[in-house]
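Per-chain residue numbering starts at 1, and chain names A, B, C and D are given in the order in which the chains are listed.
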Amino acid sequence: MTKPLNIGMIGYGFMGRAHTNGYKRVGDFFPELKYRPVLKAACARNKENIQAFADQWGYESIETDWKTLIARDDIDAVDICVPNNLHKEIAIACAEAGKMILCEKPIAMNTAEGEEMCQAVEKAGVANTVWYNYRRVPAVTLAKQIIDSGKLGKIFHYRANFLQDWTIAEDLPQGGAALWRLDADAAGSGVTGDLLAHCIDTAIWLNGSVSDVTAMTETFIKERVHQETGQKQKVSIDDACAFLCHFKNGSLGLFESTRYARGHKALYTFEINGENASLRWDLHDLHRLEMFDHADEGIVRGWKSIHVTDGDHPYMDKWWVPGLQIGYEHSFVHHVADFLKSLESGEPCHPTFRDALETQKVCDAVLASASDRSWHSVS
Amino acid sequence: MTKPLNIGMIGYGFMGRAHTNGYKRVGDFFPELKYRPVLKAACARNKENIQAFADQWGYESIETDWKTLIARDDIDAVDICVPNNLHKEIAIACAEAGKMILCEKPIAMNTAEGEEMCQAVEKAGVANTVWYNYRRVPAVTLAKQIIDSGKLGKIFHYRANFLQDWTIAEDLPQGGAALWRLDADAAGSGVTGDLLAHCIDTAIWLNGSVSDVTAMTETFIKERVHQETGQKQKVSIDDACAFLCHFKNGSLGLFESTRYARGHKALYTFEINGENASLRWDLHDLHRLEMFDHADEGIVRGWKSIHVTDGDHPYMDKWWVPGLQIGYEHSFVHHVADFLKSLESGEPCHPTFRDALETQKVCDAVLASASDRSWHSVS
Amino acid sequence: MTKPLNIGMIGYGFMGRAHTNGYKRVGDFFPELKYRPVLKAACARNKENIQAFADQWGYESIETDWKTLIARDDIDAVDICVPNNLHKEIAIACAEAGKMILCEKPIAMNTAEGEEMCQAVEKAGVANTVWYNYRRVPAVTLAKQIIDSGKLGKIFHYRANFLQDWTIAEDLPQGGAALWRLDADAAGSGVTGDLLAHCIDTAIWLNGSVSDVTAMTETFIKERVHQETGQKQKVSIDDACAFLCHFKNGSLGLFESTRYARGHKALYTFEINGENASLRWDLHDLHRLEMFDHADEGIVRGWKSIHVTDGDHPYMDKWWVPGLQIGYEHSFVHHVADFLKSLESGEPCHPTFRDALETQKVCDAVLASASDRSWHSVS
Amino acid sequence: MTKPLNIGMIGYGFMGRAHTNGYKRVGDFFPELKYRPVLKAACARNKENIQAFADQWGYESIETDWKTLIARDDIDAVDICVPNNLHKEIAIACAEAGKMILCEKPIAMNTAEGEEMCQAVEKAGVANTVWYNYRRVPAVTLAKQIIDSGKLGKIFHYRANFLQDWTIAEDLPQGGAALWRLDADAAGSGVTGDLLAHCIDTAIWLNGSVSDVTAMTETFIKERVHQETGQKQKVSIDDACAFLCHFKNGSLGLFESTRYARGHKALYTFEINGENASLRWDLHDLHRLEMFDHADEGIVRGWKSIHVTDGDHPYMDKWWVPGLQIGYEHSFVHHVADFLKSLESGEPCHPTFRDALETQKVCDAVLASASDRSWHSVS
């Protein structure tokens, strides 16, 4: 017998859709799971919008005040899909109400907020996870397996970037419901929290902690019309951010993110070079992992492109047959499945709030370094 | 207000899952459609298996006799997902019962059967379509748009192949529920109907009708244990098939399919060369379309790799944001969406049975040519 | 001490340059060879042109009559770089004069001519080779080594094509010194002898003899101005040619060649699929060989791209360092080197005339099949 | 009539071969040039080695003391192919002797030496150039043309790396004739001067001057046996170096180089992102340039892979036909050709000593930044 897990969703934007799709599909493809998400309630301030969202996706009810949502007895878990400046207050309230929490990344506006949130969930003992979804792209999970097997040996290098090009137009406004990611008051930072945070989360997962960083940021377009005021205002976010770092395992890191790389829609790539083997991955072809294995016979060594669609690849026994790829949205289905599994086992579902805080600390160090042009330790 | 469309599914194999997923997801991503599929009943002879399937996917009821299913008043449309040797009888019965029909490809065991089926659905006037799903991979649909725009000019060449490697092991058996595709009694043919038929359907859609063919087939492993008898029996299917052809537009075609191409899981590729531009596509990276446009300035001409994930690409406004790919299963969601749209408009949903018959005629000509080693016209 | 090998070159076109470059460079990069080519004489009917060629490349003298050249005592080896319709007469005269012969491919206008040439060189006992240069691209030579090692196991499939797009323009003329390849009187055939012959030579070398073929050819542009008459004349060559075949080892072959594949400049590719491994190669990136090895561990299997630039790759110890690629012209340097080596060892330098005759036989069977639309054995 | 240009080569290592090949081939492929290099003398301390080199390549004479070479009246131009710590003394002596100078990169051990060298050649008024050969890979030259045409618009990002893996083995020694690049006394620095210097030269050429940098370096293997002493000694070079920078045009730069990136033999890549278009290049496929052009029609936009082998591509009218690639060594032939042309025109042959000094200044700033962990201006 399956048990329902009643979900309360706060927010209805891009991530609201992606997470909801995860809840709806998990049972079809992971039928062995004990818990089954139920779309109990969706919440947002704008009643008309949230009603339309609930109708489209099949939420049973709506709320217009997140406090009311949290107060409901029939909600087991709250999904926080609102701008970053609201994460802390909602998450702490959820913890205090004993709700499980699935929080969109980055965890918070900054480390201080994140620390408060961690303490709240840990004190309350509620299940918690942060949606760094790329860990659960099968090719990325496979990378983790290969690295953990020791096949790469000592690691020398890690590099990652996340390149987009959608903000190059000067007449693009900032702020408001659609573009809050371009407003530091709502987002905390620009590409650092939005894009680099993904790169950092994966990097820490695959390669361990970061020791120190030197960084630069840039805001190429200095002023944009703000959608809430209709006025041209200073752009407060970083349009681009790059940093060098040392990992605690002695390897060197290089990270870059921008929304001004013409030709790249969402090019998240990483590469890791070890003594014996290397791996690289690219979100634009997320179903492939590339590997170079120095143990291969000399004359036939080369980078191999692994089409991660076989039954023995992570998560892929749940889907189709070899050669038939899955896509972006499946990473969320996998995250939901692993969250549900964690409820069965009692183990944490990584990344937890605490895990996500480590990424936040790197982001904060990066922004501080860019600001004062000096190396910063990640404490 | 949406209207329910009650689906009766016959079969529960790989395609049963893929189609069912299409029915379940279409409403979430195509909310503007008037009709909404309802998973009314699933049908198969084995009660335990079909019950488990119905439970997993949420079918409201089960049947163990397809005639009973068809007789039910609460079934609007029947989805035929059983081995090819059963298509004809079921489809004709459906037509006579006035049910809409969504039939898995190939339409039938041969042209004669297909012709009977066409006449039945046309006489009954029921909505009908055949699941040649690759037409609705966005990159393939985009290829169709580009070709129809005239951008390629006169066409000189079309080539396609569908390469797999999963039957190389000599100890793989044939027949039975899981491996009926390796048994000509159930499947009609081997790779010709299973794989090449896909290539042919797309080719006719993109490049028009085929005039004549010269072909060869091969059965590399001559005997395999049959799962129903437990005995070694002669392998009756074609393991590989290749043919040359002329299209009616004067272009030349080259087609190949095999399950013995080590290293290819499901490599369906096509390429079309026109006077002014060329296109190519590859199922292993189905979210990309490659194009060479001779109209580009000479020194910067090259094959461009179009990442078909933008809002103005076919179907992609329904999904995520630029750069985030979808996968194999989405082609079925699109097919369902287009079928539902066709019910609103009263237009046929292509490929209809009649369209699929044209593909069957090419398959039959190919097999006949391979058999008597001579060119065959496609009548 | 090195010994001079006096070369007499007949012709000064594209191949004249490519071969000459081979003679000039071989000593620098293969200093261990005993023989050193000396550019003794260049020969062509047009005195001004051949003098300019000799001046540019450093030939010591010129001739305007090939019979005079052959009669010279100071010529050891004759390089035949003239249109195909002249190969036979010159080659037989060379053989009778006891000259070594390096003949451009295809060996002749047809099998009958080739057979005469073979008998002449074999009777005379002179060293002979035909310039199927692609065998000596390091990646192709590596493919041969891997296949010969048995790593692929039983072979199921071989496919190759050679796609160009340079004759699509209707106003391109035919014939004359520059365009004799478009005139069947000079060339024997169109793409069959010019391009497919390369594919066939490599195929036979890698995969053994061809048994039988079914083919089609097409001439897309029916009339072109002939450069010698200034008149529009019927185009006599095949613009495109494709064929299916069986190899004697039981594998299936698919070959295609055209000069109407928009976007491909000189895309010669081949792929061979064996029971245990597969290989593919592409002239547009000639320094790479791709390999899939089923013996690799399951979860990390994939096509690997071997950058054939290491010191243990064929010929590559002679050039630069790993990662630094060589190009098209080096295949000719290697051919010269191997020819010189064969003089030291007394072994034949493959492909010999006799080897090249086998390719010619396949070409003839292909053209005959295309003409009478039936399967032809390769005798 | 051609004029001889008598070359005196100092050194006979990898670069000695590459340059010599350039001198020998330039006349064959650039017959219109007035000057023709003559291999007059080769010079090195080890008489046996230099004699062998001269014999292999055809130098007319040898010297064992570079001062004697420079003193010879029959030497017009001196090519400096010795370790970096000897560049300055030899170059200044050449300048004072009125010899033209072709100096291997990097120009010197540091900026101070380079400045002295610049002053010497400028005072003497002798022709001078530094062998940053990658500028003359046709795809890179094409990138320069496209950028100079303004097609990219305002530049936002530039990134480059040069990744190798040949020093990972712990038992590789350092120093001596073969491995002086691993000894800072001979090389000045490790990957910074050897590899990153190439990236920087190209970057400045394509994107203008660098303003300031923040860098890190690492020496992964701390001790290696020195070939001259036979003792384990501290490794003095940087094994890896990465830096962030601002260009004077406001764009951001990211550079990385290492010899510990398993799987990369000589992966020099760069990418430049402009407002309207982007370009990228990769030494492992040096005959291709990739371009994304936002001006392309929306639905068919994509990165295009330009196969830089057409007659209207830089330098390519000198070689073969479209589709047939050239290799690494050709960049040196082109450099020689451009140097000879510069003698005809009286214009400088870039990069001159002065140009190369700018690259040296960036290298010095990078090393200083890595040392004191602070941003450094490039003065």
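One rule holds in what follows: a contact is a pair of C-beta atoms (placed from the backbone, for glycine too) under 8 Å apart; a residue touches a chain by one contact, two chains touch by 3 or more.
All values derive from a computational prediction rather than experimental measurement.
Engineer: When I count C-beta pairs in contact, which pair ends up with more: B-D or C-D?
Structural biologist: Counting C-beta pairs in contact, C-D comes out ahead.
Engineer: Among the chains, which one keeps its Cα centre farthest from the Cα centre of chain A?
Structural biologist: Centre of mass proxy via C-alpha means gives C as farthest from chain A.
Engineer: Indicate the whole-number Å distance between the mean C-alpha point of chain B and the mean C-alpha point of chain C.
Structural biologist: Each chain's C-alpha centroid was found; their separation is 42 Å.
Engineer: Between chain B and chain D, what distance separates the C-alpha centroids? Give it in angstrom.
Structural biologist: The computed centroid separation for chain B versus chain D comes out at 55 Å.
Engineer: Take the average of all CA coordinates in chain C, do the same for chain D, and state the distance between these two points in whole angstrom.
Structural biologist: Chain C and chain D have C-alpha centres separated by 36 Å.
Engineer: Can you list the chain D residues in contact with two or more other chains?
Structural biologist: 264, 288, 303, 307, 310
Engineer: Give every residue of chain D touching chain C within the complex, in rising order.
Structural biologist: Residues of chain D touching chain C: 14, 18, 21, 24-25, 27-28, 31, 55-58, 164, 166, 264-267, 283-288, 307, 309-310, 319-330.
Engineer: Under the stated contact criterion, what part of chain C meets chain B in this complex?
Structural biologist: Touch list, chain C to chain B: 152, 156-157, 159, 163, 165, 168, 214-216, 218, 220, 240, 242-244, 246, 250, 252, 254, 256, 258, 260-264, 273-278, 292, 294, 303, 373-375.
Engineer: Considering the complex alone, what residue numbers of chain D touch chain B?
Structural biologist: Interface residues on the chain D side: 142, 145-146, 288, 290-291, 293, 296, 298-307, 310, 312-313.
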